[in-house]
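Read through the structures below before going on.
Next come two complexes, and both contain chain A; in the first it sits with chain B, in the second with chain C.
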Partner chain A sequence: MMPRRSWGRDLRYLALYLLKRALALLVTVLIGVYLTIVVANMGGQVDDLRRVQIRSEAFEQVRADPAFQEMASAERNALVERRVALEVERLRLDEPFILRSVDYLQRAMRLDLGRAEQMHSDAGSRQVRAIIVERLPATLLLFGTANLLVFFSAVGSALWLSRRYGSGVDRLVIALAPSSAAPGWFYGIFLILAFAFLVPLLPPGGMVTAPPPDSRLEYAASLARHMLLPVAAMFLSSIFVSIYAWRTFFLIHASEDYVEMARAKGLPSRLIERRYILRPTLSPIITNFLLMLIGLWSGAIILEQVFNWPGLGSLLFQAIGFRDTPVIIGGVVIFAYLLAVTVLLLDLLYALLDPRVRILGEGRSGT
Partner chain B sequence: MPDTLLQVEGLTLDYQTRGGVMRAVDDVSFDVGRGEALVVLGESGCGKSSLARALMRLLPRNAGGLGGRVSLDGRELHLLDDETFRREVQWQGLALVMQASMNALNPVVKVGEQVAEPLRVHLGWERRRALARAGEVFELVGLPGDFLRRYPFELSGGMRQRAVLAMALVAEPALVILDEPTSALDVLTQAGIMNALKRVKAELGTGFILITHDVATSSELADRVALMYAGQLVEVADAATFFTAPGHPYAQALMASVPRLRQRERPRAIPGEPPSLLDPPQGCRFAARCPQRFADCARLPPAFAPAPRQKVRCWLHKEEGMKGGMEGSV
Partner chain C sequence: MSLGIGRRGTWAELRRYPSALAGVALILLLVALALHTLATVPYGQAVASWRSGEAHLPVNARPVWSDWLSPGRAPRSERLSAETRESEAFPGGRRLTQRIELDYTYDDFPSELALFLRPQHSERAAFLRLGWQTPDGREITLGSRRLVGETRVALSQDRALEQRLGRPAHFGLLAGPDGEALVPGRYTLTLEAVFFDPAAELESELWLYGRVHGLAGTDHQRRDLSLALRWGTPIALAFGLVAAVGTTLSTLVIAAVGVWYRGWVDALIQRLTEVNMILPLLPILVMVGTLYSTSIWLMLGVVVLLGIFSAGIKTYRAMLLPIREAPYIEAARAYGASHLRIVMRYMLPRILPVLIPTFVTLIPTFVFLEASLAVLGLGDPVLPTWGKVLNDAQAQSALYNGYYYWVLAPAALLMLSGLGFAMLGFALDRVFNPRLRNL
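What follows is the complex of A and B.
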């Protein structure tokens, strides 16, 4: 006989467990961000490129300035050198990269994302944070809508389908699953061709009509019209394989012994589905859902290009093209933090949902 | 038999397989009396678990036809539709303790809730009352009442088996089907479970069908024994008669294969293996392995020769009057 577990002990254990997990995740984020800093700077080689760029810019400025036209070339070169040295000192390029990388890391971890080197937001700010925040709503709206739609319709229809194993509909879904081999943008191209050009019902790209409508209602309507095709493209490209995957998942869990037992007990099928299939599998379902949610953050580079959607995917793509390291690092840092927070949240949810995680940590109580 | 509880006549169950239709349960007929324990004995793959599933209507996805007549307490179960069967027969009429009950409990729901569930679903009892009743049944099967609040992973294998047994008994069903209830447990735990079963049988007067391959364990509980071979029953007899004077050559060979204490003879294995159910032999299904076979055995299927305490499906027993066929209980 064992004493009942008290809530106080449960909570203390949970807090300790979460603290440990949080520390481990912080280290993970630290390593991830540092690796990104090193890679985005090409291990310091971007500094050499930057130095060359500074020199050529300084030379151009001096050459183009009428005030220095009369200077002797030696004097002019000295002026260029002075300017280069000043700029190098300002950017601290004279210090070794390894030192600066640690400095970057410190600032990145404090979410001090700094200023972009080349890019700026549409509002004109050079703050990396402003650039990212400006693009975030567009991406979240589009990918959030599409992914939530796919997730819930896939889980719902998969559960329905798992009851009809081997039926005509079941076989149809299996047959259609390979349709997801083509990415969303591939379907996007055909959808644009069909519904924007052959039958011009919907706009081929962009987020709202230009100029944007003034009234809120009209703005929302225009936004919805622009979202229709990209959402449809993403939905088409992932719905069948998602249903297929979830159906298989539910089929596996529906043949657990305890589900058989519930059937033998003569429980109504709704109750079996809720308490014996969904409840024990809630942890993996929620994991999937949350990972899908943070996956939204990265957007989708090609799809955004195809639909001319002003989102984060195309922003990061441009940043890589410009070698704008602060923007790249900024994007990764935020993603890493989101991922870490999500994983921590999942750890908490597992503990709440699954008694095996919650109680085993206390050590198995004697029997 | 004074009071028949369950009457099964000509029960068949087919499976669709890649190789064709397989008749796992072939024309099985037997009776179980009120408060009686019938042991269905047979080796792996003989169809004894399928028999349990057929009785419970717990059919796997590839199950084909289910035929025959089953009546429980005078009610014709084969005439009921699935919904009525689920609501009225499952768990109040018939309950099942499945093979592999180690995983028969939902890992994320407390044991008590699962044991009390049939009362709440089928009888509409409120939670407290159902849990109190579950606690009583726990005591009956030898579990402390406060184990109701535990999760399945906090119980050992034997305790889980007892909890599943409690779950089967909670709604006081007329008949409990036990499918290999002790096969995954060690000998001491097996003995504990068998003792719990004997106590339940004596106290509640529940009828049991105990399905097992284990001759030794089965002899503890059995009032009568039905021996199954290759999808068919080959002998149905009183336990005393069966264990001392088995009639069918297969039953004799089976008894000879059981090791006994203080016995000079070594246990003998049965040579050969059972026939494929996809293409069963025309005559007696045991003929190929039978030491007493003669010409007719492989050609003609034998029927049951009814006798007062023992009926045997074998040509050797023909003389005792084979006209009776399938009907008539022992």
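What follows is the complex of A and C.
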């Protein structure tokens, strides 16, 4: 047993350790987001593209407007120039990219996502926040359902299999594990082929029927029908390898000496599972679970494209197509923050769950 | 860790796993296909014919083997030239009459009919009249036209003819009087040409575009899909292999350097890894593809670059840390080995075996990554790849239109390569990973 006063010291070290980690993570996010800003702007080259686009659009607008048909060409050119200058100023293209990139960065870090340049939400808002918030439920619903399903059924059946190691089912799962080499969208194509075209039972894509049903119940039913295929695709592509990985993980831990010892003592297998296998392996399981949860954020660009699902993945894809930097940066910066917060949370959890981390912190701050 | 399994030992161990053998067989098959393709279809030819399509190929033809599954004879592509030629001179020119005979025995209508005309020794415009005779003796006039230079008469696209027949020419001309059922038998196309040049000649060919073609069928641009499927093999294998080698080896070396030098080098590497974990790979690839270039080699470069500081560094670091303190490393230092030598010759070889399974299982991930990018429309602009075939199929709603072969063939190849490497990789994992060996 530790002496009583060491608790305070532990807490101090823990706080210090977390503070250090938080600072390091903040710097990491800063660098990551800045790199994204630079890539998303091609190091400033996107500005040139945008200027050309602005000019041609302004010219097209003036040319097509009957009100300006009678204008002399010099006057009309001046009008185009004025409009271009206004638009350039609105998008702040007259400032050097380095300055703007720093500005982007500090606003992104404050989560002030600003206004989109080209895109708008379905409700018509130009706010990046509104655009993202509009797409978020779709992604969370689809990927949340699929990933939670995969996670819990994989961990559950892996525990079950690790007791029946070597059985027919076990061998079948091992044999099926390589099927996960293919990503979800790949299975999606086949599922669409089978269940939407060969046997037309389910819709091939989209989120609800058009027009969306009025009653809440019908809406949910339509949503569920549309979700079935993409969820099945994701489930198929990752379930076997997840079961395989967890099964191996549990088997390795089940062959530790202290588990053998517990078995030799004749403890019931439920108890062994809970106290001797699950408890020591809790931190990797939690890590995996949390990382999976943030993985939801980015969605899956291709799966959403294949199933025509209006989520964040396809939003990001459209934003890149429109070269709409604020939307791209908005998506990435939120992802980065979520990841950083999760990593910090994990650090804290490890520090609480695993005494070795505490000792490490002590050793570090001691020297 | 006991990793001292010799090469022969590995193979003996591997032979115990049927899935490993199947995986090796699949990989060998793909490699053989890739080598055969490289040897028989030169790069330039593949790129050129993929870019332009080939005029003699039908549009959206099924593969020939699909015809064996369904009872019946689907039409093949045929080129028929005139069998009887008559000529009659008149002052200042000549009249040519040619007949092209078509014995139609297939069970289905062709996909297109076209006439190729090549007048020779004729400077001035000629006059041409076309007639069509069915087996049941009906005469259908196909109209008259001026003939200057080489001409392709697209009968199937002739709107006036379609109006008269009620259906496009490749249906209407081969159907019975009701315009519905196909009538097999001998059809005759009569060409009557009046040239105003005494020496004029006429080469004519009737092109019948089939419903089936080759081993893989064709796409909407008259391109032979088997070309893309075959050329896709070496590209997919090269992409997967180079990306897997590039990312795993560079990650390993960097991890080893960090572990060996410690201090700020290690800290820098750790921080870079964390920054890299925050960057989402696929959106960055999509950005590079949209903004810069979709060249497959640029993508490969970016994949490797982003893969250098991947999360694997943390795993390798954990494996390398105890090795650093091993006595044999100390011995190497004692005899004066350089830092580089210790990292490359003493530390890396120790964990290389653990890496091999990861490496093999990584290959299909990259093969599918290439396909994913292509499905998003960011495939290489010139090279035919499996992913680009899938992308075309998707864009043309192949599944909706019932062109299943268009999706199934590239998907099957992708799946085979994925399965081949994954099965081998999983078996290797059990052989090389000592903790799994007894499981």
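Operating definition for what follows: the second predicted complex is superposed on the first by the 312 of 367 C-alpha atoms of A that agree within 3 Å, B and C clash if a C-alpha of one lies under 4 Å from a C-alpha of the other, contacts with A are read in each partner's own complex, and residues count from 1 in each chain.
The rule we apply is simple: a contact is a pair of C-beta atoms (placed from the backbone, for glycine too) under 8 Å apart; a residue touches a chain by one contact, two chains touch by 3 or more.
On a predicted model such as this, the values are computed, not experimentally measured, just so you know.
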item: First, second, both or neither for A:A351, with chain B first and chain C second; value: neither
item: Touching partner for A:M207 - first (chain B), second (chain C), both, neither; value: neither
item: Residue contacts with chain A in the superposition, chain B compared against chain C; value: C
item: First (chain B), second (chain C), both or neither touched by A:R279; value: first
item: Touching partner for A:L161 - first (chain B), second (chain C), both, neither; value: neither
item: Touching partner for A:L271 - first (chain B), second (chain C), both, neither; value: first
item: Which of chain B and chain C A:A24 touches, first, second, both or neither; value: second
item: Which superposed partner A:E260 touches (first chain B, second chain C, both, neither); value: first
item: Contacts on chain A seen with chain B and repeated with chain C across the two complexes; value: 165
item: Interface residues, chain C side, partner chain A - complex; value: 19, 23, 271, 274-280, 282-284, 286-288, 290-292, 361, 364-365, 368, 371-372, 375-376, 390, 394, 399-400, 402, 404, 407, 411, 414-415, 418-419, 421-423, 425-426, 435-436, 438-439
item: Interface residues, chain A side, partner chain B - complex; value: 1, 4, 165-166, 256-258, 260-268, 271, 275-276, 279-280, 353-356, 359-360, 364-365, 367
item: Complex contact set, residues of chain B against chain A; value: 56, 58, 61, 85-87, 89-91, 95-96, 98, 100-109, 117-118, 121-122, 144, 146, 149, 151, 153-156, 159, 164, 167
item: Chain C partner contacts - residues on chain A that touch it in the complex; value: 24-25, 27-29, 31-33, 35-36, 39-40, 42, 45-46, 165, 174-175, 177-183, 185-186, 189-190, 192-193, 196-197, 204, 244, 248, 251-252, 255, 298, 301-302, 305-306, 316-317, 320-321, 323, 328, 331-332, 335-336, 339-340, 343
